[in-house]
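Shared between the two complexes below is chain A, which has chain B as its partner in the first and chain C in the second.
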Partner chain A sequence: MSRTHQIKGLILQFIFIVGIGCSQVIRAGDLSFIVTDSKGKIAPNAVITLRPLIETDWSDLPIEVSVMKQKLAMFTPFVLAVRANTPVSFPNLDQFRHQVYSFSKAKQFKLRLYGMDESKKVTFDKAGVVALGCNIHDNMLAYIYVTDNPYFTQTNEEGEAVLEDVRSGEYELTVWHPDQKKRKVSYKANLIVGKEIDRHSISIKMRSIRRVQKLADPDGYLG
Partner chain B sequence: MIKISFVLFLCFPAFLFANDSKFDTEIYLDARYTISKGEPSWVDNWLGKGRYGGELDGGRINKFRFSEIAVLTKFDINWDLKGFVYLKNDPEQGEPVDLVEAYVRYKPAPSSVIAYEIKAGLMFPHISRENIGVAWASPYTISPSAINSWVGEEIRVLGIEMKAKYQGDINDITLSAAIFGFNDPAGTLLAYRGWGIGDAKVGIQGELPLARLPSIGPNSTFLKQPNWVRPIREIDERAGYYLALDWTLYDFAQFGGLYYDNRGDPKAIEAGQYAWRTKFFNLYAELTLGLEIKVIAQYMQGSTKMGEEIFGGGRQVDVDYDAGFLLLSKQMGKFRASIRYDWFKVDDNTHILIDNNNEDGDALTLAFLMMVRGNASIIIEYLNIKSDRPAREDIGFESYQKNKTIQLAYRMRI
Partner chain C sequence: MRRFRFQTKLTIIYLALFLSIQGVLLLAFYDTVTKNVGEQVQDQLAASTRVFKQVIDERIIALGDKAQVLARDDGFRSVIAPALQSELQELVESGTVLSALKNFSQRIKSDLAIIYDLDNTVVAVVPDETKVSRLPVLSDQLKDHAETEGVASTIVAIDGRIYDLVLVPVFAPDLVAWIVLGIEFDQQAAEEIKALSPIELDIAFLYEKDSMHELASTTSSDWVEIESFVRAHITPDTQNLFRHSFSGQDYMFNHIPLIERNDRQGEISALVYFSMDQALAPYYALAFALSGVLAFGLFLLVTGSLVISRSVTRPLRELARATKRIAAGEYAEVPGSGSGDEISDLTSNFNLMVEAVKERERRIVFQSNHDVETGLPNRNHFETVLKNAVEKNNDFTIAVAEVQQLAALRSVLNHIYVNDLLKAIGARISHSANVSVARLSTEVFIFILDDISQGDVSASLIANAFLTPFDVKGIAIDVSIKMGFSKFPTDSQDPVKLMQYANSALDEGRTSPQGHAWYVEDKTDDFKHRLSLMSDLREALTSGEVNFAYQPKLDLASGEMSSVEALVRWISPSRGFVSPDDFIPLAERTGDIKHLTTWALNKAVEQLSEWRAKGINVAIAVNLSAGDLLNRDLPGAIISLLGKHNLAPSSLKLEVTESAVMHDMSRALEVMNMLSAVGLELSIDDYGTGYSSLSYLKKLPVSELKIDKVFVLNLAKSDEDKILVRSTIELAHNLGLKVTAEGVEDQETVDLLREYGCNTLQGYFICKPVPANEIEIFLETQVK
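Moving on to the complex of A and B:
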């Protein structure tokens, strides 16, 4: 299972193209995105964040508990984006044990979960990428993307994502993906919300092989 | 039974002190219908290459067989320390119960980019890329390749293995090192029988037959080697070692190598068993391609020596060997189809007429597996082994032989 977590250089920022195909009617303050790789292949699990360029008080934005499940010896979801200081619960829905761990700089922890719906919470207080593994099931792999920014979303299986009710203002847009190529020229792309509200097509440079979480080995010796 | 008790005794004390323990036992059954022809099998003291051979005249044998019943127990001593015990019975073994593997493994959750692991007990070094299933079975074929058949027959270590695994962004690199004993006679089969292709595994008490060759046995004046070998045995009180490097690129390509040296003292002999000096390296490449196609290749090369030094610096028995295979397998839902080509060779470095251990051969294996209800599978396999071994002439056979087998196996886990 491959995972590292150097965040440096991993966050790429991209130009987005404004105003492509405004056939749909979208409310002011709503943004929609579609992310693809450079060959036009859709990119699920891309995390899109907006950093406000003008300081604003965001403390009234609610923080909700997020969930990273373990079921059939797999993590769900594969990528989970959360705001810093969000507690994430780790319910083990399997009948057997999982030992969830991360040695990423953004958060190091070990959780022992006996199964049968046992759940423990971890609060992710530092921005960065946290790669998750299970010490018992080597196939298990997932990422928690922790951001300081008030607005974030991630692309679905169709490579699409939506951000609703974004306050008017100027933002810097970033995109992160577990399979992005490292050390590419990053862009600081500014976006003004409240004016030409639209649909953004974003193309990112990705590795030719995409990481997936494999199914558990049914014959695994030490389960 | 003394050996089994000894190994289990080594593994179990930790378990007694555990307060967070868990047992998980399963039973594995393998029953077959086999059609085999050609020279009789080495298992019956001849030189046939398969686990099942033909009649003395080469005629066909059709038979229902029970091939193995095993009890496999995993136990969690605590979150980081786990144990595994694999006991089996098969018709080829002498004792009613034999021990194939028994080890404890300490694997703490990694706290840095390098993960560590320690394994101690009776185990297979990780040579086989085929025998990845429960009870060391292969999901690809019934009979493993020549290389891995031999690993099942003679290679087992009682020792300690340490692993360090670097978990990179797209690469995993693992370095392993082990110190072991109790594998001194390994190599005997490669010299006197040569390579074989079959899935009979030796246990810690296992005794494997050797053909009635003129150079060995009670009437031989050349060597004190009886017509059998007990591969899992300590003879010379010298520890052996193996080192391995494994590289995984994403999850789709794996490459690696292992070097093994049992550091046997070729002159040491105890209870009729020599300590053979057996060394080999094993290389592999495994690719998972699109369309659920897997390609596996392995190559092994090594040598084994035993007995007194003879002129020219060699030993009384002194052979080099190598073997390789290429396997292609495709999964189609609950079905899996596999094809494998094996080639193998033994080079006798001595020129002693009554002890000619040269050999050359190849084999084709075709197999089709169907999963049944998740815990059982049916496999049909066609195996055709062709080999030339001059020593066959010493026991009344032609040097060149073909062994053909068709097997239908039903494997079940309870």
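Moving on to the complex of A and C:
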């Protein structure tokens, strides 16, 4: 790994820590989730959102730039959840070019060929699922889940997710997963933060075939 | 049962062998060919099936590739992805999607193209949805397969058409839709597959509907025929390879399931079939050539066997024909083949045999036609000559000539000389009358005189010729012959009768002064008449119609009637009085004289016995015939007969004629000696009419000579007779014989005979022949 990469990794780490530090300030309540499929198997990359049932002004919520990297001819992360109007940068960390596109209704775009260390930025202004592909590398696939909701998180490799400092109130909980059976959301429930238990086990129905981003030619492009 | 000739047999056997061998060969050939062809067809069908599957696979792959190309097409995706994600998709974008699909479908020439969204809703379909009533329902399994592999395929039947379907997911880049492309298994597809096959097979695509297989398309020209066959014979259980008659030919079928029956649809299959007859067709030429060879072989065989068998049978048939000719009396030599084989040996041996048979037959024919003793033609030969003469129908005369006293000549000449004499006699007759002479019996010659009018002349010529004595080994011998003639056709047209009549004429001729006689019809009873006369005689002898009349004999010395001659009298109820001259010679000839003699002896002995009982002591003289003198048993029979009645032999006297003695003198002499030896007295009857040889008279054991009445009747008037009678009496007396004169009819004769010293008289002057009772009266008056 090159030196430049190491530096970038450090910067990202820093941003992440700062983010957490900020949220701790307005802490209200923590919620933890574990998402499994109907067979009890843990489901990473599930996006969980909370929509407050009482209209509130959430405009003070900070909008941060999200990153969808292209590295080793793969998108990273596979699923990226962002609030609407969030700009997402598409840094190309590969030594070859990519042409990222989306035919999704929520956001259609096509990034012109861009090379290594170039970064394009797209702002996702409409809620919805945006499937990302690369016209040059068919194996590349990623999802950007754009939401209007103030709270959202996604499950990690253990199928677990955490929401911290959620204000007390009544919310609609939705779960989306790229492999879910249903078209829009796979899970929807109301919950009241502050009164109910904080830990939620959610089971969603998944398709037998999982949408995964295959590693393109392990020997391949990068040498 | 029909019998075959050798030639036919040989040909049939060869033919049978040839045909059975050829039959076995042909069967083997047929069996091998059909088996091989069957296997070949099976192999080819199996190969075709592999090709078939490969073609289908390639079609699917190609179609899948095209579908994938479409699914990845940027433009296509940029149209379809947003359209399907829109809430108002149909309203906004379907027109574009459909036109894009149509465009693509036309470009890749697919028969069916459908786009489904992720909810299995049809977004677009080409051709128009209205033309496709029931679109395929995609199974999750198929979709999963398509999603993981990028493409999935299946075969479906829609509206009686069968399609290859490929299912391709559209990723944009996420899955947004499904594209289904279909190519129909239509006739064209079938033709394309067929074109890849090395054999002229046919293909049909079948689908199952309501548990029945239906025809979707075929390369066969006759749709109805294959359709009805499919309906009748194809089920999902139908085995892959099977043979069945179809379209009037033997077909091999391969039933290849393309999609097995499932809960969505029935079985879809392909039927590959090929005519076995067509597969065999190339062998027909071979079979035809083989048949040609067989026919030619057959022809060669038949010809060959005919030639071979003919080489055997022709000489055999030649021989067979020769045997037939020989049987018919034609002794022709059989030409030999000269081949030196068994047949030619047989032929030459056969010819040798024919030569031998010919020679033997010639001898036999000669012998059968010639007399052994004289070498003259015999009766047999003469009969043939006579028959030919009769057939020629020219007038002619038959003459028989009898040598007189041949028996006497035999007694003085030995038999070789007699044969020489007979030859000389034959030759003399032949020369004198210029005729061909045959020997009819021992002493009788027969010949034909062509000139009727010359009969008497010829007779005289012959008689004259016999005046010269014959010289046999230095001995001069006088021979006289008697002749009889009959004429053709006046007397009869039947050869047998002509000879018979000539013989009767001879009978006449013997006693005639000329020494010959012509046949006179009324003098001789015909054969039937004579036969019936003899049978009547036999009856008459038992019924008492025949009786004795007795004529006394006067003993001049004693003046007594010492004996009577018993004379046969036959008074037939139907014939009246029958003269002894009519029936006695006949009886002598037929042999019936035996019965007469037996009767006569019995009758005489009975009469003697009766007379002895009455005290009448007179002897009875009985006449014997020539035949009786040959019977050696006669003396014994007479003695036993006399003994039975207790009579002395002297009471019975026996009279024989000269000719009877002469007939077979030695034998007669023997019998006469025996008779004399037992004490029976013998007389020579009718002396002077026959041979009248005093020389042998001496030898005969007779005691009495009876001078024939021809010399006595006119004795008083004829000086000649006086001399003859007188000298005869003297001669007899000198030989120690007593003399009886017959035919004494007047006193003058009695006186003369008494003067001459005759011993006994017999005749009407003394007494005519009378019945026994009258004799008794006569004798009584004489005694008084």
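FYI, the second predicted complex is superposed on the first by the 181 of 223 C-alpha atoms of A that agree within 3 Å, B and C clash if a C-alpha of one lies under 4 Å from a C-alpha of the other, contacts with A are read in each partner's own complex, and residues count from 1 in each chain.
Assume a residue touches a chain if its C-beta (ideal position, glycine included) is under 8 Å from a C-beta of that chain, and two chains touch if they have at least 3 such contacts.
Not measured: the values here are computed from a predicted model.
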| item | value |
| --- | --- |
| Partner chain in contact with A:I209 - chain B first, chain C second, else both or neither | both |
| Which superposed partner A:R167 touches (first chain B, second chain C, both, neither) | neither |
| Touching partner for A:R97 - first (chain B), second (chain C), both, neither | first |
| Chain A: partner with more touched residues, chain B or chain C | B |
| Touched partner set for A:K181, first chain B, second chain C, both or neither | neither |
| First (chain B), second (chain C), both or neither touched by A:K126 | neither |
| Touching partner for A:N135 - first (chain B), second (chain C), both, neither | both |
| Touching partner for A:K105 - first (chain B), second (chain C), both, neither | second |
| Chain C-contacting residues of chain A that also contact chain B | 101, 103, 108, 133, 135, 209, 211 |
| Partner chain A, residues of chain C touching it in the complex | 72, 74, 77-78, 81-82, 85-86, 118-119, 144, 147-148, 171-176 |
| Interface residues, chain A side, partner chain B - complex | 1-4, 6, 97, 99, 101, 103, 108, 110, 112, 133, 135, 182, 207, 209, 211-212, 214, 217-219, 221-223 |
| Complex contacts: residues of chain B adjacent to chain A | 22, 24, 74, 76, 79-80, 82, 84, 105, 107-113, 132-134, 139, 167-172, 248, 250-252, 374 |
| Contact set on chain A toward chain C in their complex | 101, 103-105, 108, 129, 131-133, 135, 138, 140-141, 143, 178, 183, 208-209, 211 |
